[in-house]
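Encoded as structure tokens, here's the structure I'll be asking about.
The letters A, B, C and D name the chains in turn, as written, and every chain counts its residues from 1.
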Amino acid sequence: MHAIAPELQVAAWLNAAQPLSLTQLRGKVVVIYAFQMLCPGCVSHGIPQAKAIRAAFDEQDVAVLGLHSVFEHHAVMHRAALEAFMHEYRIGFPVAIDQPSPHSPVPLTMAQYQLRGTPTLILIDRQGRLRLSHFGQAEDMRVGALIGQLVAEAAPQQARCEDGACSIN
Amino acid sequence: MHAIAPELQVAAWLNAAQPLSLTQLRGKVVVIYAFQMLCPGCVSHGIPQAKAIRAAFDEQDVAVLGLHSVFEHHAVMHRAALEAFMHEYRIGFPVAIDQPSPHSPVPLTMAQYQLRGTPTLILIDRQGRLRLSHFGQAEDMRVGALIGQLVAEAAPQQARCEDGACSIN
Amino acid sequence: MHAIAPELQVAAWLNAAQPLSLTQLRGKVVVIYAFQMLCPGCVSHGIPQAKAIRAAFDEQDVAVLGLHSVFEHHAVMHRAALEAFMHEYRIGFPVAIDQPSPHSPVPLTMAQYQLRGTPTLILIDRQGRLRLSHFGQAEDMRVGALIGQLVAEAAPQQARCEDGACSIN
Amino acid sequence: MHAIAPELQVAAWLNAAQPLSLTQLRGKVVVIYAFQMLCPGCVSHGIPQAKAIRAAFDEQDVAVLGLHSVFEHHAVMHRAALEAFMHEYRIGFPVAIDQPSPHSPVPLTMAQYQLRGTPTLILIDRQGRLRLSHFGQAEDMRVGALIGQLVAEAAPQQARCEDGACSIN
């Protein structure tokens, strides 16, 4: 039994024409890379791995999202700094800024997903279920293997309604 | 349409209690790494990648085999030299010595599979069909993705006969 | 003929009990690494190389300094951001913040030294003369070789005055 | 006090028009890389480092030599195998085959220099004195630094005789 992954709580989306939601991405495997722009392991390992995932899989099958979950140095990792970082590091995929908490240094999505830190790799299957939350570095071979297996799983049956009739396809 | 991969033509097996065959491995994804012990790209890239594949997948799902396809420097890449190489490089998976040809420097399996050189990564699916033959270096992420998808494919239906009755499962 | 390296023009020193000057470092080889905290090549190559230099040479012989020469994204690479960066990347050597220019995006030391960008490796010999200004990546072996040769050069003769008499030693 | 490095005891030279001697190389820094062709650390680290040394220094200042010191798997690391290895790995500098011992698996130069294994980096100064014997991996920065300092040391005084007169220069 895998629980449905909760929606991300997002202050702003970068590299996205409009806000994204997990519901709307249902049917694809969703890869979420939680990072901080001043986290050395994110820069040396996480960002390159996220780019490698994006290059290895068809965008029809796999959506790659960044999640900027700032839990330290809040004053210097704000939106404008992140934008400069993304420009310099040539990050082309959508990035969500995790919604800051009014009560805690840990932002809301990070808290809800109970992330231990950054980088964390989150995998959600075609049915929207949370399948992996891995803190720290993971080998490309293992990550490719996991995502490849999720890609091969059947997409959910979807009710489609056209011209007044609904069908399951 | 994917053709069934032809059986390997093997002079000797190392790290194997008995000769292996693709037929007998049917039901698993089979990864064959064609290499030469004095090929720099094989040593720096191919062998470590083969080990990473073996570590990333369950042996119930994926069999990793080496194929020593010597097409140059035959006099110094013989069986005893390969054994020393495998000992020093801690190669734990079965390795087939590609059967030399009486007529050509290219050994028989290499010729039949039309390999362009070493290293070459060959992927065979659970139904014994040839799915990839990639010469040169391939990224771990892409290789993991491909094998992961093959692992997720259904194993072939197999007729099983017990107690006088046969069934497809 | 090597010109004497001009003094750095510095807005603030980090990791230094008091402002440093090239004059005061005369007698040592001085390594200056010009970088920007959001420059990918600085993070992946320059900072680790600066740390390797510091580890490979005796501090009696070689002083390693960082020079934060911001010529883009000024609004987000200010002092507080740099301090967070240096904390996360465990930078232990003194870092000078290059003095911003009132007239140009290029800060004053960067302009005077005619640096082409970041990372740039600057080498100053024991006599205070500019011996290298290298933009981009340089191999550790070549950098070690150059600094090693500068270390082996004689320190400048210094006038020493004691007990009312002065001598050259 | 540094002892004069003893002459290498060599069964054959490869990549050399004629046998080399340390005496004849006096005046240059001599870098000797002891290796075995089937030693993984030699292949991944030592050979690339030897090539990097050769590229970083002027051949007038630094001579790079390989020393093939076989102490295991003697039957498969003979001269013809080494020649194939050197061809495949594009080794362009002279390589001495360490003279096998009639009494021990350890060859004669390896025994005399008391090497612990391969790879070992040996540095000899311009005066022919043994200055370093380092077993295992060493960082490029430290190796470059050491050789750079040796390069900067004065060459030995040499008596030169011309036109019937001799002088020290």
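In this text, contacts are C-beta pairs under 8 Å (C-beta built on N, C-alpha and C of every residue); 3 or more make two chains touch, one makes a residue touch a chain.
Just so we're clear, the structure is a prediction, and the values are computed from it rather than from any experiment.
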**Interface sides of chain A and chain B: same vs different residues, half threshold** = same
**Request:** Quick one: point me to the chain whose Cα centre is farthest from that of chain B.
**Result:** C
**Item:** Whole-Å separation of chain centres (CA-atom averages), chain A against chain D
**Value:** 53
**Averaged-CA centre spacing for the pair chain B and chain A, given as whole angstrom** = 35
**Complete:** Cα centre of chain B to Cα centre of chain D, whole Å, reads 40
**Asked** For chain B, what residues touch not just one other chain but two or more?
**Response** none
**Request:** Could you list each pair of chains that touch one another?
**Result:** A-B, A-C, B-D, C-D
**Asked** Where on chain C does chain A make contact in their complex?
**Response** 38-40, 43-44, 73, 75-78, 80-81, 84-85, 87-89
**Complete:** Per the touch rule above, chain A residues touching chain B in the complex are 49, 52-53, 55-57, 139-149, 151-153
